[in-house]
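Labels for the chains are A, B, C, D and E, by order of writing; each one numbers its residues from 1.
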Amino acid sequence: MEITHILFWFLSALAIAGAIGVIASKNPIYSVLCLVIVFFAISGHYILMNAQFLAIVNIIVYAGAIMVLFLFVIMLMNLNAETEPVKNIYMKMAGVISGLTLMIVLVAALAHSENANVVMRAGTSIGLTESLGKALFNNYVVPFEISSVLFLSAMIGAILIGKKDSATEIK
Amino acid sequence: MDAIQLIYLVPLLPLLGFIINGLGRNALSKSVTGFIGSAVIFLSFCLSVWIFFAVSSEGFTTQNISYFNFIDVYKLHIPFEFQVDQLTSVFLLIITGVGFLIHVYSVSYMKEESQSGFGRYFSYLNLFVFSMLILVLGGNYVIMFIGWEGVGLCSYLLIGFWFKDHANNNAAKKAFVMNRIGDMGFLLAMFWMVSLYGTVSYHDLYNSDNGIITALSTINSHAIVGITLLLFVGAMGKSAQIPLYTWLPDAMAGPTPVSALIHAATMVTAGIYMIARSNILYSLAPATLAVVAGIGLATAIFAAIIALKQNDIKKVLAYSTVSQLGYMFLGLGVGAFSAAVFHVMTHAFFKALLFLAAGSVIHAMGGEQDITKMGGLGKKMKITYVTFFIATLAISGIPPFAGFFSKDEILSAAFAQSPVLYILGFGGALLTAFYMFRLMAMTFKGKFRGTPEQEHHLHESPAAMTVPLIILAILSAFGGFLGLPELFVNDGNEIDKFLSPVFEHSKQFIIIKEVPQQTELILLVVSSVLIIIVSIWAWNKYKKYAPSVSENGLVKAIKNKFYVDEIYDAVFVRPYRSLSTFLNNVFDKRGIDGIVNGVGKTVNYGSRQLRLLQSGQVGSYLLLMVIGLLILFIIQLFTK
Amino acid sequence: MEIKWYIFLSLVLFCIGIIGALTRRNSIIVFMCIELMLNSVNLLLVAFSKMHLTPVNAFGPAMATSAQIFVFFIMIVAAAEVSVGLAIIVMLYRNTRSIDINFLNRLKN
Amino acid sequence: MNAIILSALWGVVMMLGGVFFKKSTTPKYWAIAGIIIILAGNLLEFFGHPFFNVDTKGMLRFDSFGLIFNSIAFISTLLFFLLNGRDFEKIGIHVSEYFSLIFFVLCGVSILSSFNTLLMLFLGIEILSIPLYILTGSEKRNLKGNEASLKYFLMGAFSTGLMLMGIALIYGGNSLGSFYIDAINLGSGHLSVLIGVGLVLILVAMAFKVSAAPFHFWAPDVYDGAPAVVTSFMMTIAKVAAFVAFFRLFSTSFGSMHYQWQTLIVIITAATLLIGNITAVFQISVKRMLAYSSISHAGFMMFTLFALNTTAKEGLLFYAAAYSIATIGIFAVIIKMSDYSIEGFNGLGKRQPLLALTSTIFLLSLTGIPLTAGFMAKFYVLMAAVKDGHQLWLVIFAVICAAISAIYYFRVIQAIYFKDPVPGVNENIAVSQGFEWILVITAGLIILLGILPGLVIDWLYY
Amino acid sequence: MLGTYFTFPELLIWIPFITGIIAFFIRNGNSVKTFAIISSIATLAVSVISLFYTDVAHHPEFFYYNNVSYVWMPYIGSSFSVGMDGMGFLLTFLTALAFPLIFIVTNKSEYKNINSFVGLLLLAQAGMMGVFVATDALLFYFFWELALIPVYFLCSRWGGEKRIQSTFKFFVYTFLGSLLMLIGIIYVYMHTPSVSPDSDHSFYINAFYNAILSPRQQEWVFWLFFIAFAIKIPIFPFHTWQPDVYEQSNYPSVMVMSSVMVKMGLFGLIRWLLPIFPAAVAKYDHFIIILCIIGLLYASCIALYQNDLKRFVAWSSIAHLALIGAAIFSTNRLGLQGVMLEMLNHGINILALWIIVDIINKKTGVRKISELGGLAIKSPALAIFFVIIAFANIALPLSNSFVSEFLMLNGIFDFNKWYAAFACLGVVLSAVYILNMIQKTFFGKSNELAEKAQKMSTSQFIVLSVIVGAILFLGIYPDPVIHLTESTVSGLLARIPLK
């Protein structure tokens, strides 16, 4: 077994464990931390696959910025385990069962896909910042610019919603 | 030939009378109305006489006069046409002649009606004459059918003339509906003819040279028997034969002159006319003829039995009419077409007379019709008494009055077919004599049994009523000599000879056996003697009538007309009503409409249930989405 | 390394995300589960980009790059979504003092 | 490209305008001016005068279908602004920002009508959705609005996840490894598993966006909870834009494999028609009823995906126009009311004959009565389905559902004309003369399109 | 010349349409009534003039005047084409005749918002005219629905207490039917040959007649059309809407519906069903005739029970229409010729019945047969009219229906003897229920209600006289009508393979 395989299994196990932790932990803060673990594991995968740029971005953007944002919000609201009452057990069961069924169906289907046994190629430079940067600003400049519209609207939205208006009656 | 060209005037004049009287019923005075009503019929009568002479002149051949296209579809041409031949002309005379007398009689009889009622009455009567004339003049079955239904309409209107009383209306309705049942047969027969032969015109069907029926049909073929039977169903309805006879006794609810004209002399004989008109068709279907004879005979006897115990003067006469019509059908059934027509004629005389005389009696009694409440009227009403008596003699078949000859001719034709028919028929004749003399005796003899008021009121009717009685009495007395049998006259029966062009073609298909003259003579004598004996017995028995208390079952059944009306009610009317109620209240509202509304309710119910899916909870929404996704996956991946 | 293992891994992560979204009531956690789903997609895209990098395919490198760029855009969008989403959650919290999605049933039927 | 750039620019203009506009009515006029400029730009591009020659590397492709759809969307928006521009004030004080968000949505709409890669589709969908999440919750102190916003957001993000997974699988599954929708070469054989799974996932995500059952659950709640002005906009323009994207994607990429996934569309269509129509029957609030009815219209528009032929293309365009205009029209009236229940419409025929008449025309159009655009729209989509020739029972099912739809639309008409006004409910509906005129023009447009559908469709062959 | 600018079918559509719209804006109640009468008489005049241009043999310009086609939707092969053949003439004439009579006879009746009322009636007239003249399937469908909508508003807004529900049921029912027909139209359209270079298929009627449909295809598309028409006619068991709607609605609308609108269904069967699906007709004709005859007996049976005059007339109408339906599916010359005649006759007779019921209702204030009685004493003229009309209704010879029923029954007889026998039974039953009704309302002793009855107004008298005149004229001399429609029947039969 090669080292990459060992790393793959390790990172995969870490990611799945983290993911389960996200959905299983009672305390939202633990969930956030578990999610951060998942992100790190996934970044590890990216590195395994020689996609360094994405690995870094993933850690900076997701694990760094976004998760901190989540954490802030949770702290702000002072949420803890007790605030979440027990959900209807049947609904929970149904959710788990249907999710698992979906997983089984998908895995069973994709296990027989034509590409399933294609071996991945490693060791090229496409995942490096330089090549991606070139591509982004040559071929992908239009979507890049357009995504600015997305950010503008998100910004307006965040301001619009986040701003505290003069107190009006709650309808 | 001028007379024949003017034939359209014969029905047109009564129609004119109808229109004038109908529109002017509020404006015209009673005498004017009466005059117009009678005059148009009289003019028609004069024309009819003229036509009769034209028809009986040498070298006359059947005339078809076509006026305009009535129905003209592709190959089916049904023009509005008249056909004039001997049969028509005989009927024209009867209708306009008897009709005129009854109109005259009515002027006096109906004088107590209001002005508009009087106008209405005469317009209906004129319309009736018009329809009846169309019936006999029509040159094809459709035109005949126009008259056929027209007389039904008039009969309906006149039976229900006094429409304030629902009993009259019910009788009228019954008459119309029963006639309609018969008409259904007539209609189907016409359809059959159209689809088989493509025509309903007498000329095309029966013409001796190129008659379609004789060319295309074989004896007793499926279609011919079908057509004739269906036509006979029509005749049953119109001429009140078993099983469609019950309307006629009820029809007596109308004014008495109406009973005389429509329900005795003319309309009810339409069936006989129709079959006589279709004689070729019928002679191609001996099977049907047997049925006709059977039903005719059965009706003759059955109605006569019922008449034995009836106490309403008009009901007795009504059953007698049914019975006499039965004789006519018996005559037709045994192939004695001309004898049947002869009997129609004599019957028209004496039955009209009987009704008019009865009307006179009722008039005198102030509307009373029950003969148990009469008695001894002979003294007060001489003319009525005498004329009634003559008519009774005629109907009973006592020589030499009219009925004797016509009935005898039918019976001897029956004898030629089978002695059994004769014996049964003769039995009926005995019954006729019995109930007629019973009626006579109870009405005119003995003590008066009514109220003193009525007794005070009793009087002979005015001349306008008695003159028609006298004329008809004369005809009843001597009308029979028109058709003296070969037994007495050398060159044979006048009526037979006159009508022979109409009936001669049918002779090729049915052979009428001749009865030996000696046998006929013996039969004549024996029957006359027996009838006279029965008459005298009945006369004496009922001269001093006293109501009997005890009645055995049979008598009770006869009195109640064998409960036929009740049976019809139970078998047809009431189930129909309950079916109607059931269909309306249950089947339609709950069943069909229930399904329709049920669909709507299901939608509503579905709406209420389906919206519960929209629980408002994101979790369940996502769950349902995932389940939907799963289903799509399974369908996409695992069904091929 | 065969691609199928990456496919399975990201599917498992994806489905765990779905299960979380279905079962949790805390809207922030639901949102986090959705982020988890997005990340599994990212992983898969990167894996596929490596798969397509076959010598058979003349466009291989460009195609592989496109997938990684796509991942980049997904991250952009996710960031934008997070800002909006958290703003909405905070707004709701301000008004109701709760972020339990099961209390969100004023609108139903 | 004109439309995308102009609408994005105008969004920025409106955003900045929020600082400078002093009067609350000013943004409305600016917005109207903007939409007219965008519309003009779009038309110029349609007639061959693009202002901007941007090399999109084939990621956007401007064909007549997309451009005509843009025009339809912009004209609808114009009508919407003219009718309800003032009513944004009811939401809150940031009127200019609301308009700016709407312009961003329009930018998304223009992208969705011209995208040629899955990347642009994804971006377009997001640009369309995120402003809508915000607009839904823009009435901050309205709990229903908040709730709707969060529901919409969570479910929208969830569906984005599904769509991305689908995109990833399709990327992995197609031999070229391309995101270009015209290059996703599927061949004519059997669908590969990766593509099959990816296709289902994208289908579900798109079905979610167009609110097709069973992925429609967000729609009634969100349409009901959002401010009526916003509902009017997102129920019409945003939704049909998603449909156009749906059609564009599936006809271009998966059209050749059409019959391998048609069954899925059949199921979705049948479910959508059934749920939309049946559930709408029982609604008391007209606003919510229209939300369900919009689901049922989605069912009809699904027929275009079912058929995927030229008639379907024409039908989709026409349906978009007919449905948008009629819904904007009826919403314009509803927005003016304070009570959205059906009783609120009682006796409108007596109180406001003109509003009553135009509402009736809009409702008739939504029902699909001839002489209105709604009929021709239904006619085209049904014709497309019959032309396809498969699964004709679905067509029959659809018309049965259309008959059911008459039940709830006519309930409103009955309230308008045959019932007596309820005292105290919607007694003073104040509308300006201008509003009435525009409403009449809108209704006239509905009838005009109903008589001459060629006005929209013939441009396809221009 | 007239034909240069307008053709008759166009005039017949546009006159009522435009005047209908104008009527909405006339505020004065009396002037709008007068306006409606003038408008409808103008339409009638056009219709009558058009009848003079019907002789194909002698006037080659016949088609010039009566057929016209405008480009409408070229890419799908639909055009605004209208034209009239014999049946078209007949039915447009009936439509044109019915409306002035209705307007005149209800001149005294008061309705709220009379301008909308009149306007909607005129629009309905335009719609029906359109149905009868359209020679393009899509156009036909347009008018088919357009005739329905004004009637929906009319019946929902003016009428009895339950009018809204019952009309709504009617509406949804017919709307469903017509939508099914729409699918049928599209389906047939997909199988039509092209007649213009712009489109692959065509909605033109001749293209529909030449559509290539296999027997299997015909067999199911047939039902899509049939159900739509059957609901409209209505044929058992699709009839349940009719008594309710007739009971609840106002008189002018009911008159329009029963005298003209139901003809749309019959017209549809003849124009759009029989020639397009001959194979299916040959397969299902027995079934449908049996259905019709069941309906005939069923409706006759139920009519006897009815206590409400309106329901009574409704059921009797259902019975008559069932007979017409049976005759249509007998698909032979006599039957179809009878149908043509009967469509006109039924329109006239049922209109007359409604007028009488309206008069009775207005005079006495009730419609319950059980509460009426003896009307003939106080209103003899009304009684006479009614008796004539009633007997025309049960096809007494020399009234108009006799000839048509004779021909229809004859057609059914040619098809199958037993069916004709049962259909004739219906003729008997019709006598039963109608005589029963006459007896209960007009005869017997007059009660308080009947005492209130006054004389008829002059306008009512004139209208009834016109109708009675028409009844008698058509009963005695139906030849012109038969010849008018001969070519239609021949053309139709040429498309149906003979059995």
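As a convention for this text, a residue touches a chain if its C-beta (ideal position, glycine included) is under 8 Å from a C-beta of that chain, and two chains touch if they have at least 3 such contacts.
Bear in mind that the values here come from a model prediction, so they are computed numbers and not experimental data.
Farthest chain from chain B, judged by C-alpha centroids: A.
Among the chain pairings, A-C comes first (most C-beta pairs in contact). Closest chain to the protein centre (all Cα atoms averaged), using per-chain Cα means: E.
Centre-to-centre separation of chain A and chain C, using mean CA positions: 5 Å.
Chain B and chain D have centres, each the mean of its CA atoms, that are 78 Å apart.
Centroids of chain C and chain E (each the mean of its C-alpha atoms) stand 65 Å apart. Averaged Cα coordinates give chain A a centre that lies 70 Å from the centre of chain E.
The residues of chain C that reach two or more other chains are 3, 7, 17-18, 21-23, 25, 27, 30-31, 47, 49, 51, 64, 66, 69, 73, 77, 80-81, 84, 88-89, 91, 95, 101-102, 104, 106-108, listed in rising order. In chain A, the residues that touch at least two other chains are 87, 91, 94-95, 98-99, 102, 106, 109-110, 113, 115, 139-140, 143, 147, 150, 153-154, 157, 161, 170. Those residues of chain B in touch with two or more other chains are numbered 600, 611, 614, 616, 618-619, 622-623, 626-627, 629, 633, 637.
Screening every pair of chains for touch gives A-B, A-C, A-D, B-C, B-D, B-E, C-D, D-E. Per the touch definition, chain A reaches chain D in the complex via residues 106, 109-110, 112-115, 139-140, 142-143, 146-147, 149-150, 152-154, 156-157, 159-161, 165, 168-171.
Note for the complex: chain D touches chain E at residues 364, 368-371, 375, 379, 382-383, 386-387, 389, 392, 395-396, 399-400, 402-404, 406-407, 410, 414, 417-418, 452-454, 457-458, 461.
On the chain C side of its complex with chain B, the touching residues are 18, 21-23, 25, 27, 30, 101-102, 104-109.
Of all the residues in chain E, the ones that touch chain B in their complex are 169, 172-173, 237, 239-241, 298, 301-302, 304-306, 333-334, 337, 374, 376-377, 380, 387, 391, 396-398, 402-403, 406-407, 409-410, 413-414, 417, 420-421, 424-425, 427-428, 431-432, 435-436, 439, 442-446, 476-479, 482-483, 486. The part of chain B that touches chain C in the complex is made up of residues 611-612, 614-619, 622-623, 626.
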